[in-house]
Amino acid sequence: MFHHVKELQFNARVSKPDVRFAKLLLEQFGGPNGELKAAMQYFVQAFGCRKPHPDKYDMLMDIATEEFSHLEIVGATIQMLLTGVNGELKNAADESDLTKLLDGKAAKENYIHDAMINPHFFLVSGGTPTLTDSVGNPWNAGYIMGMGDLTVDMRTNIAAESTAKMVYENLMKFTDDVYVKESLRYLMTREVAHFQMFQAALDTIQPNFPPGILQSDPKFSNKYFNMSKGEKFSGPWNDGKSPLMGEDWQYIENPHQHVLDTNGLLKEQQEGTYRTEKSVQKVNRELSAERKNEIDDANSSKNGVMQWSTYNNKEDKEKPKKKKIKKSA
Amino acid sequence: MFHHVKELQFNARVSKPDVRFAKLLLEQFGGPNGELKAAMQYFVQAFGCRKPHPDKYDMLMDIATEEFSHLEIVGATIQMLLTGVNGELKNAADESDLTKLLDGKAAKENYIHDAMINPHFFLVSGGTPTLTDSVGNPWNAGYIMGMGDLTVDMRTNIAAESTAKMVYENLMKFTDDVYVKESLRYLMTREVAHFQMFQAALDTIQPNFPPGILQSDPKFSNKYFNMSKGEKFSGPWNDGKSPLMGEDWQYIENPHQHVLDTNGLLKEQQEGTYRTEKSVQKVNRELSAERKNEIDDANSSKNGVMQWSTYNNKEDKEKPKKKKIKKSA
Amino acid sequence: MFHHVKELQFNARVSKPDVRFAKLLLEQFGGPNGELKAAMQYFVQAFGCRKPHPDKYDMLMDIATEEFSHLEIVGATIQMLLTGVNGELKNAADESDLTKLLDGKAAKENYIHDAMINPHFFLVSGGTPTLTDSVGNPWNAGYIMGMGDLTVDMRTNIAAESTAKMVYENLMKFTDDVYVKESLRYLMTREVAHFQMFQAALDTIQPNFPPGILQSDPKFSNKYFNMSKGEKFSGPWNDGKSPLMGEDWQYIENPHQHVLDTNGLLKEQQEGTYRTEKSVQKVNRELSAERKNEIDDANSSKNGVMQWSTYNNKEDKEKPKKKKIKKSA
Amino acid sequence: MFHHVKELQFNARVSKPDVRFAKLLLEQFGGPNGELKAAMQYFVQAFGCRKPHPDKYDMLMDIATEEFSHLEIVGATIQMLLTGVNGELKNAADESDLTKLLDGKAAKENYIHDAMINPHFFLVSGGTPTLTDSVGNPWNAGYIMGMGDLTVDMRTNIAAESTAKMVYENLMKFTDDVYVKESLRYLMTREVAHFQMFQAALDTIQPNFPPGILQSDPKFSNKYFNMSKGEKFSGPWNDGKSPLMGEDWQYIENPHQHVLDTNGLLKEQQEGTYRTEKSVQKVNRELSAERKNEIDDANSSKNGVMQWSTYNNKEDKEKPKKKKIKKSA
Amino acid sequence: MFHHVKELQFNARVSKPDVRFAKLLLEQFGGPNGELKAAMQYFVQAFGCRKPHPDKYDMLMDIATEEFSHLEIVGATIQMLLTGVNGELKNAADESDLTKLLDGKAAKENYIHDAMINPHFFLVSGGTPTLTDSVGNPWNAGYIMGMGDLTVDMRTNIAAESTAKMVYENLMKFTDDVYVKESLRYLMTREVAHFQMFQAALDTIQPNFPPGILQSDPKFSNKYFNMSKGEKFSGPWNDGKSPLMGEDWQYIENPHQHVLDTNGLLKEQQEGTYRTEKSVQKVNRELSAERKNEIDDANSSKNGVMQWSTYNNKEDKEKPKKKKIKKSA
Amino acid sequence: MFHHVKELQFNARVSKPDVRFAKLLLEQFGGPNGELKAAMQYFVQAFGCRKPHPDKYDMLMDIATEEFSHLEIVGATIQMLLTGVNGELKNAADESDLTKLLDGKAAKENYIHDAMINPHFFLVSGGTPTLTDSVGNPWNAGYIMGMGDLTVDMRTNIAAESTAKMVYENLMKFTDDVYVKESLRYLMTREVAHFQMFQAALDTIQPNFPPGILQSDPKFSNKYFNMSKGEKFSGPWNDGKSPLMGEDWQYIENPHQHVLDTNGLLKEQQEGTYRTEKSVQKVNRELSAERKNEIDDANSSKNGVMQWSTYNNKEDKEKPKKKKIKKSA
């Protein structure tokens, strides 16, 4: 259950209207890396954690709720930047006043020019933010990701925080309003904070590589295919040891010939790895059982009714104390 | 600023998993008439009201926040209906177990059949609700409407509540789970409550017809064009007086001939109306000035800084009293 | 079956080309509140009315067809505003003329500037309107609504007419062309007329509140949850009687505590209402039976063949007389 | 201006409801190759032809209007196939009847199964066609094409008719209803008829190859790059003469080496062609001038007002005679 | 399997940055008629041809791969046109430098102005092309067409090449950069070349009209409905013989009356055609059998395993010779 | 420039047709985590690296090209799984055979049932994969991410590989075909390999945290807001040191009160951090200058022409040697 308090989380201020920056700032209101995307992504991911991972649920809902609060900050800033637009639209009667003075013409020309920047502010939102990115594409739920596996979802969230941080960094180049910059810097900083929260949560899950459960096939996990001929480079991504598994990279100089030689890789041999098919299968079975049990235990229903919340209305429920709990192994 | 409390607004319960109804219920999670649409529509509309119409802002934020809380109820219900999906997916190791027993085959067949119902639950969300409608279309911001004018937006919201109510009514046909029906009935009822809230708010704004400010042209506002030949009907929409303006409907039997006769309606005469071009222009000017002033007064900035919230940290701020205020004329 | 006559319903005129206003006017050609949306919404809704509600079918098809005719007016206006664009594009040979004169450079600069306003007019439509809104989002069928229930659909249509009216009102601010304004005012006025037609139709259906059939739960229909803390306001939406059902609004000051106190609203009591669960169920049963019968009677097939139209080719069919019929109770 | 007559262009009939075929048939109601796409594509293309090519305008509007009429046939057929859905939804009161009989359970199971086929028919459209394709994607204007050049647009339309014909051919495999097949065959046949109309129109424009105005560069127009190694084939697309220009295909066996040899094709030589850069430029200039003049002449405004239609209300206007006119050279 | 070589197929060059033309050029990078659309359309169509039509598979993959190479040329050109954008964005520290000099202000104003042209280049792509059209709509797979029938798909491809050619022709009007024009002309020319390749391939399939297999109904294939009253025109599309079937066009002067007279066309008679229902059915049966056999023969599996490629690693496999093969009848 | 060889990178095989698994597998053909998304994401990101980061360009193009090759494997597998669909569609003539035998009816019923699984395979693609996800949503470019900053893009790519890996893991649950599983396991393994390549590349860039350039504000980077009341948990994400910056997490127990106390965080103090505003600004300036120079140096044009590739046609260009180079500091 959500509540709202009328004060913004951050005291957003604006020195003067600026329809152009309002347009740019839409990117973080209704864009693919914006606050709504973050809020909805963590909110939706949280459902699956409620029972088996209540600590992660708590964290996801804390951050999701903060992101909704950031969405409100961004929206409020855009609204202040658009001050005057709606009042001017209400000045509707002049449509019937067919005689125009010269001043009126010049003012009108400016007004039309502003409308070209983002017609939606003037025609359909009445000077209110629209849930689009900066070029006008409506927000859509294709932006949000969640696979129901925390080793994947935490990484997805780290990427989301990285891109959001970058957009704020870029946005700061396009305004001189010190008040607006102040808010942008706050919002940018919180993305960095969230990044680290997700990283810390990921680190509590072991093993967390590879993401998911199934181990990679040792025949193929350390091969590098040189698919792009011309100037070539070596780096730790194709030379030396792979960074998370410590296998030796095998560089396939001529992939086409290699594929022909191995009957389409069916005859591929494993090289440069300590893992065996047998060790892989053992890990698969053990980790699979462990992760399945975590979830099944948490979800076992009682008395033929599943219930999301409990409502024992005690005083200490109202003032919950901070409990230290251990993460599950 | 938003807060979240872990208890749902309504004690949502489920008697057993049901992947089919989970699919249908998505319609109200991520569909065009669903809870997210309502929540975001009112939330976005609220920005423009903050200063000029703080009473409407209060109402819109109250209802928006309740709709976010309903979104959570719907999501929690879907999550409970999908119990077992994610645990089974974690049973990943059997992919390496190539020998299949007969029982396994039958179970697998059922499992595959369930996946056909909604592949997303099984492949990409890990048994968590997805922000789509019941056939899988991602939610998009094209669903939300707001024109920055309360006489329009309240009507848009009434329509939104009507469609949402209808979907809940239809959904109830497809489940026998008494716990689920209990939640659906609660959610359906709240749409009816919100409908009336928006209607009441609309009634406080006078005049509120026509929506917006400009009056209709008396030459064309009471004409009914018979564009669809064949069996014809009369009703109060083309016969008698128009319901909101009280003009006499004029039925144009043969629109093509009429258009030819009037040089493309340029020579159209007004009939059956008490209004004149002069009276129309007078209302336009007066209402335009009044509405513009309302907004301009509210938005006048102080000291070169615009600020969204004030934070005077007094005790009585924490425990606000219910104030009676009058609506503006 | 549709016919087309080459004359526009309204004698649309333009005094000179204006690529900027052409861009803005796209909002009503291919935008979410535009003429195509209206036309398609009423056209699609009409299918379900054909048999059970032939009077509403007649009205919906009359208005849908008029909206298609308005779409044509808007498109024709845009086409005239874009005069010159296509001819200039045909001037393609100058691409091979690598020597540029100074005049050519200045003209080209203007030309490129115009292209920035809306690249689609210059690159992909050849100076013809595109089915997008004013920022270029393609029209999509997510804009149209219809629930197969007239008490819902009429309200949806009223909202559609309200938003469309508002966009025309806003558009008038951005042009000085008296001919264009003349057409805009006509189109705006027709939205007001259609609004009233849908209102009149809605009024003929009794009861029409709540939308659909099922009555609201009297325990929850008159509760107002104060979800948004801070400055609060009372108004007829949370104080006094609810406007359509006449129940007394119950204000829940602290929703979280209330939810804890009522075991997630399961123990909620009804207050301030004259309705009972029993009276609600009675209305549900009766109205349900009545509405079902209306539809089933109309749809009963004859001789194992369903047929949409009849074609008895009589002369009086060609010149149908206006028949007065009663609305069904 | 459009008119509607209540009779369908084709006497569409159905022998019994079939929710599955209704789902499939949506492909031609709101799908990318369906009737709405065709109708809107030709309608939008027509605007640009109104003045410079009134004969093509007449053809496009004739076909567009027929496609709208076909859209109505498809919608009516779907509506008849869905008979019973809406009536059953109106049977809403049984939601309050918590005791279920065994028969009711079985019927409900069937009902739920039907809903899985297409939830939209049951939850959001009330048994009315939806403007989506057969899997539920909303129609969008990205489906329609028009470049403002008839030599391109006629070819686009030929492709549209080809795909639409193919979908009808495929649809016939999925129903045994002879009445439905009868309508499908009619609709399929009309696509073949329209194909030929567009082909005939294209043939009246000379030259019509290449599409548009600018001639291709003779250095590159007859080269075939063998980009896909392995089993190779020759055919008239890479061997012999090119079918429309009669140049000799030049087969580039090893494109990478060729690109290196020619400094990225900058040193490419023309071979196997009779055309020269000079002859190309001459055609470019002449054709460009001709096409530009056609359009400019047609669009020249009179007296500072552009007007779409004329309304001289003479009797012979009402009964226009078929005029033979010549196509412009 | 794909390979990449670092050299572009064409030596794309740019004389100086131009953010405006970069925006326009996006139309061919991520627009509906652009290079990605072409590449993906032919690539996807190719799958179905692999077995039954290996010669068409070869052609489709050759052209698809060339289109990917063109996508790279377009992207590289945009990247060069955007030179400087990313470096300037990296100049992020000046956000902390609150004192601005006058010069800085002017430069910033220009910078902001550039951002208005396409905010995505500055906020989200860091000066790299985005997969959108010129107004910012993301590329989507709705752009690609393929019906699994070569007589349809070749025509669809001809249309795709026509529109792509036209966009390049239009683009050339908006730049003076001779290097950019050089690349555009190359790309435009290749569309003309591909057009002819698809035409040649279509010609090898006989019969190829009507597209698909089923013949049109002789009662309806040569009727022209005059659906659009007013000024009328005759042309080879409604007068004389139909261009591909050689039937005599029948002009229906008054379609409504005609429909009434024929009981909704059920009593329509065939006229002006040499075909009979019997001859049509004969062709249907024969062509259907032939086309089905082609596919079934090709797809017959061997030994219970289907395999896409064979990998007999012989030296001559590496250097395949050009084989002449005949098309199947 | 791309090349294609007809052999697949992996010898994809299928034991028998399976339209249901074909539908599921679409998720990785045209879904948001699929092969096209990966291929296009890396391909587009590569453009910006070409000059300033040629080593990363090489890696991105190698992996992008491999992903295109995987897209081909997935498509080929779907095509084999759909064997028989197209042949049956070509059996079109039986539509004219109105007499049905009993066997035919049963077969037809199965056929219709298959069509319900995914109508697109039967109506619009003719048994060829479609560029959609498993429920039919068309692929769109909103799936791809790239910010023009490698510290962000590498993290985005790691997330992409994680989600893609997870989908393959899930897919394996839904087929028993050992050949299909073999291919799925190969594809899954390659995602794990690519994950490590991107991680290794990220590690070569120092510093790479925070992503982008600007440092976070030390007043806000280590605050944890408890936005979600009820059961609370501590973990390394809100207790102890932040994992990447080593600051002490500060837990804000009551965010609303805290915001009131700090005038909307404007008076927030930094706590638990070693960083100062001054040290932050120093890093900002230095890193900003360094990154800007990297890019500007690489992009400096020569002689007024920018050129993407060089084509010095030497023999050693054809057989490039593997060069060891150092990453830039």
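Note that the chains take the letters A, B, C, D, E and F in the order they are written out, and that residue 1 is the start of every chain.
Just so we're on the same page, a residue touches a chain if its C-beta (ideal position, glycine included) is under 8 Å from a C-beta of that chain, and two chains touch if they have at least 3 such contacts.
Quick caveat: nothing in here was measured; it's all calculated off a predicted structure.
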item	value
Both-way neighbours, i.e. chains that touch subunit F and touch subunit A	B, E
Minimum number of chain-to-chain touching steps separating subunit C from subunit E	1
Chain-contact steps, minimal, separating subunit F from subunit D	1
Chain pair repeating A-F, as identified from D-E, D-F or C-E when over half of the contact pairs by residue number coincide	D-E
Copies subunit A and subunit B touch via same or different residues, half shared test	same
Centroid spacing, where centroids are CA-atom means, of subunit C and subunit D in whole angstrom	26
CA centroid of subunit C to CA centroid of subunit F, Å	39
Whole-Å gap between the CA centroids of subunit B and subunit C	14
Residues of subunit C touching at least two other chains	1-9, 11-12, 32-33, 61-62, 64-65, 69, 88-89, 91-92, 94-95, 124, 126, 132, 135-138, 140, 142, 147, 149, 167, 169, 172, 185, 212-214, 227-231, 255-256, 259-260, 263-264, 309, 311
Listing of all chain pairs that touch each other, if any do	A-B, A-C, A-E, A-F, B-C, B-D, B-F, C-D, C-E, D-E, D-F, E-F
Residue ranges of subunit B in contact with subunit C within the complex	5, 7-12, 32-33, 54-55, 58-59, 61-66, 69, 137, 140, 142-143, 145, 147, 149, 151-152, 155-156, 158-160, 162-163, 165-167, 169, 172, 185-186, 188-190, 192-193, 195-201, 203-204, 210-214, 216-217, 219-239, 242-245, 251, 253, 255-256, 259-260, 263-266, 320, 322-325, 327
Contacting residues of subunit B [partner subunit F, same complex]	1-7, 88-89, 91-92, 94-95, 98, 100, 105, 108, 111-112, 115-116, 118-120, 122-124, 126, 132, 135-138, 309, 311, 313, 317-318
Residue numbers on subunit D that touch subunit C, as the complex places them	1-9, 11-16, 30, 36, 40, 44-45, 47-48, 50, 61-62, 64-65, 68-69, 72, 75-80, 83-84, 86-96, 124-132, 138-142, 144, 146-149, 179, 212-214, 280-281, 284-285, 287-289, 291-292, 294-296, 299, 301, 304-311
Contacting residues of subunit A [partner subunit E, same complex]	20-21, 23-24, 27, 31-33, 117, 133-137, 167, 169-174, 176, 178, 181, 185, 227-231, 255-257, 259-264
